[in-house]
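A short worksheet on the structure shown next.
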Amino acid sequence: MTWQWFHRLSSPKWFYQISGRWLPWIMGISLLLFSAGLYQGLFNSPIDYQQGHTVRIMYLHVPTAFASMMFYVILAVAAAVGYIWRIKLAHMAAVSAAPVGAAMTFLALSTGALWGKPIWNTWWVWDARLTSELILLFLYLGFIALHQAFEDREVGDRAAGVLAMVGIVNIPIIHFSVEWWNTLHQGATISKFEKPSMDPAMLVALLLMIFAVLLFCTAIMMYRMRNEVLSREHNKSWVKEVVGQ
Amino acid sequence: MKNENGDENNNQQTDSQRFVPRTILTVTNLGIRRSERWLFRDLNFELKSGEVIQVVGENGAGKTSLLRSLCGLLPYARGEAKWAEIDESECLPLFLGHLPAVKPELTVFENLKFHPIAGEFATESQIEAAIEEVQLGFYLDTQARYLSAGQVRRVGLARLLIAQTPCWILDEPFTSLDVDGCHWLEGKIDDFAKNGGCVLLTSHQSIHLPTPPKLLELSNAEQFTC
Amino acid sequence: MLMQLLKRELLRHWRCRQDLINPLIFFVITVSLFPLALEPQGQLLARIGNGIIWVAALLAAMLSLESMYRDDYLDGTLELLLLQSGSPYQVVFAKIISHWLTSGLPLVLMSPLLAVMMQMESESAIALILTLLIGTPVLSLIGSVGMGLTVGLRQGGVLLSLLVLPLYIPILIFGAGAVSRASMGMDYSGQLALMGAFLVGSLSLVPFASVAAIKVSIR
């Protein structure tokens, strides 16, 4: 009973149909949240007493950083499911999540650099969080490069899946060691998030933006998955019907 | 000549026609896919002791893929390939791929000595006898990098003589062998089958045995869609 | 069986000694480039020597990974070993142990010489040797996964560094960190203990990942 459900969920055709129905909603809600969050963040929230208007970069930096980590978890879980139960759709999800996560990591890094310039007066600081983000970007790029290196996509899926599982075990270790390294070398730096309390208006804006970015990423990932489904199943009859229309 | 056999197997193997015929491998509805393309989808055959089966087909028909997936190197997409239970005295089916798997920096003797099947089953004198038989006795302590391609192939095939297994799986074993070598290998295959072994092999040339090998035809004419 | 496989590996490496020496020479040359690029002052070198030696060790260990599976893959030995040695884990273990013995251990033995070149105090030199002794096996272990994944690829070498170097970061941080603590006269047993934990952790997890990686690669 439960397995039937599992298999239906893992059928590419079923995914293609259901995602086609959901996508406009996800994209629409995400755009609504974006406009609400941006309005709240840019016009309706107070400025920071030290940082001034610069603090508004936070509304892009924090959500993208959050999404970058969350999408690595999604990627690794999908890759593990695909590897263990040999589910093609899960591999497609992992492969589609990787570029989205890498893009978010890159955005988090660049917004971090933009934020660092006025605050620390330098584009780059070897802060624990930024360094971890940088390493995360390397992990994403490794996953993408490994997957592309194989001519046979299914072999690439499994190889990259092994890498993702190794990566997810290592991420906490890497994060912990970077934290330790950071306290050893620059213990005096005040972390930018350790504020005693956050203005409720700022918190609302931040939460709105986090949900907006997550939904947006999910939508992009689903678009990519739909492409993946079509290109991998291209010689199946239902795909020919869909494309032929 | 079959002095490499262990005691347990002696009765079974020297008593040429009276080995107990058994099914070593049963393949049902086997299908293999490579790069999202089916090589074949419904393969059914049985491999019994005493049989020699030659897999034939065009280039790219999936001959090598079939052998590799029967050995467990390549997962198959559907169906089943079931090996009979194998006695502890014997080792697993011996697979020799189209690469000779001979290390150039090791000597001929070491190449056989450190082969996993030899480590537990063969003594040094058995290994030396095997090397004599493939006519490389002179090169016993020569590093394999100084040998010709045909000689390297012979080193690889010498493993057939020291393995105690009910089944050989050979992928293009005749590659780069000279005429004598081919005759010798055909003779070995025939002996092995007569003594109750079974052989599954691919080859582009026809094999001359007293009892001609069964042919298993793979055709890739059809492009399957699901 | 494990001993048999190990003997085979070591014999193979002994027959191609030159391939083993090259990463070592690379190690020494890389380290000696830094004083040339910077100023050869004792103070400066002693302060950054730990990092330089550790990074060079990381790169040298990575260079030597090629010898682990590549040759065996190319001539078909790897699939035979996996099929016929009973357990693929033994094969992987034999490979990792022999890789460490032939590339990690020489790095450790070479490190006192480099410590002298970098004007390090004896305290930090001892710490360097200890951390390398614990750290290089971890490099071999993690490297075996990366090598297993890229063994079948033509352009595997560059990709290998992209896959493996990020995973080497914790070992680098704690290895170099312990040495720099030693140079300041502080206790570094905590760092050693953590590196030991990495070693035990990777010893128990890496074989599974390595075997999975190789199985994917040899299809």
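Here the chain labels run A, B and C in written order, and each chain numbers its own residues starting at 1.
Assume contacts are C-beta pairs under 8 Å (C-beta built on N, C-alpha and C of every residue); 3 or more make two chains touch, one makes a residue touch a chain.
All figures in this text were calculated on a predicted structure; none of them were measured in a lab.
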item	value
Category of the chain touch graph - line, ring, star, complete, other	complete
Winner on C-beta contact pairs when A-B is weighed against A-C	A-C
Closest chain to global C-alpha mean, per-chain Cα centroids	C
Approximate Å spacing (C-alpha centroids) for the pair chain B, chain C	38
Approximate Å spacing (C-alpha centroids) for the pair chain A, chain B	50
Gap in Å, rounded to a whole number, between the CA centres of chain C and chain A	32
Interface hub residues of chain C, defined as touching at least two other chains	219
Chain B - residues contacting chain C, complex	68, 71-75, 91-92, 94-106, 110, 114-117, 119-120, 143
Chain A residues within the chain B interface of the complex	151-154, 232, 235-237
Sites on chain C touched by chain A in the complex	145, 149-150, 153, 155-156, 159, 162-163, 165-167, 169-170, 173-174, 177, 198, 205, 209, 212-213, 216-217, 219
Chain A residues touching chain C - in the complex, by the definition given at the top	83, 135, 138-139, 141-142, 145-146, 149-150, 155, 158-159, 162-163, 165-167, 169-170, 173-174, 176-178, 180-181, 184
Residues of chain B defined as touching chain A within the complex	33-36, 223, 225-226
